[in-house]
Amino acid sequence: MFYARVIGSLWATRKDDHLTGKKLLILQPLTFGGKPSGQPIIAVDTIGAGVGEQVVYVTSSEAVIPMNVPMAPVDASVVGITDRIDLGR
Amino acid sequence: MFYARVIGSLWATRKDDHLTGKKLLILQPLTFGGKPSGQPIIAVDTIGAGVGEQVVYVTSSEAVIPMNVPMAPVDASVVGITDRIDLGR
Amino acid sequence: MFYARVIGSLWATRKDDHLTGKKLLILQPLTFGGKPSGQPIIAVDTIGAGVGEQVVYVTSSEAVIPMNVPMAPVDASVVGITDRIDLGR
Amino acid sequence: MFYARVIGSLWATRKDDHLTGKKLLILQPLTFGGKPSGQPIIAVDTIGAGVGEQVVYVTSSEAVIPMNVPMAPVDASVVGITDRIDLGR
Amino acid sequence: MFYARVIGSLWATRKDDHLTGKKLLILQPLTFGGKPSGQPIIAVDTIGAGVGEQVVYVTSSEAVIPMNVPMAPVDASVVGITDRIDLGR
């Protein structure tokens, strides 16, 4: 899983039916020191993350699980909103 | 999921049977500022995206889902055509 | 999916049983301008691609599908031989 | 699988239900010479690894298996604590 | 699939139950010219590869297949020992 900041959202009217009603967030991956690391990606949000929040996201086939549907064309999902990071302890 | 511009298409007469009749698009991944980012890839299109349009595509095993078949040798699919991107809101 | 040129083949006598009789090709990934891009990989061929041909290959779990067996330890397969690429149209 | 050092942990109160009660570790991937290699990632721990320990972690869909649940939105898991590495033998 | 040289092995006493009795090899990915390419990884070996041998390994979900168990937390497996590479033929 990876650490990121929500930096925006994306709207698509014409899309695959499995994505209807899903919120698409733009995530900037971060180092654990809070600096941008690599290119932003698009993830489905099912836990209500907002712009500016630090989140944990999951990639690959497991990304569809938080959606509670048998399948969906999704490869990245927000799975948690970060409260605290402890380094070196 | 990733953001890209459709920059072309690819034809293959001799191909795996599961790909018969599928449209193969060439996608240039983009930054959310609209600049090329990394190498173009090949994706299946099931929603009718055209050259020049900005799309969202999905990778990995989930890419086969928009095709509505039990399985297909596909690892990237266009799943939406982008209407609007909001950054920082 | 990705675009590549077949640049060779690889033989392994001692191998996993699921690979018995499979042809292993060495593929050089290409830009759509036809230049080498990144390191060559090994892919299974089920459509009869030959050295020098430009092909489309699929990666991840979907690579096993062209083999028409329930499962096989394969993560890259040739799925098409390229006839034509149209950029910008 | 990959080699890493546990460098910290991450807490998320608001998270996907499948992650309830799971311990999230921050792992710094290492070379086999013990030097940091690439960016840290977040992994689920089911074997009780602690900060400072050298571990083996698995990625992709297989990461869910150590959790002993049918599915979970996880793409990286600690699967072993390293006792010894032999190079060149 | 990828080409690599076996450069060592790794022992972990405390580990996920699915890995009990499995041999973990350290593989250095190679170019087809035989030069190191990128960082070494850890793979399960089921065909008896030894240090110094050139092997083919598979990644992602398919890596579990040579183990002949329904599932295992493994994302890389040795699937063949290379006898010969032909480039350009």
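The letters A, B, C, D and E name the chains in turn, as written, and every chain counts its residues from 1.
Keep this in mind: contacts are C-beta pairs under 8 Å (C-beta built on N, C-alpha and C of every residue); 3 or more make two chains touch, one makes a residue touch a chain.
Here the structure is a predicted model, which means the values were calculated and not measured.
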In contact with chain A and with chain C at once: which chains are those? Just list them.
-> B
Determine whether chain B and chain C, two copies of the same sequence, contact each other through the same residue numbers or different ones, counting it as same when over half of the numbers at the interface appear on both sides.
-> different
Distance from chain E to chain A - Cα centre to Cα centre, in angstrom | 32
Report the inter-chain centroid distance for chain A and chain D in whole angstrom, where each centroid is the mean of the CA atoms.
-> 20
On chain B, where are the residues touching two or more other chains?
-> 59-61, 63
Is the way these chains touch best called a line, a ring, a star, complete, or other?
-> ring
So, starting at chain A and moving first to chain B, the ring lists as A, B, C, E, D
Listed in rising order, the residues of chain D that touch chain A in the complex are 7-16, 18-19, 24, 26, 39-44, 51, 59-61, 63-64, 71-76
Touching chain D in the complex: which residues of chain A?
-> 1-3, 31-32, 37-38, 46-48, 56, 58-63, 65-66, 77, 79-89
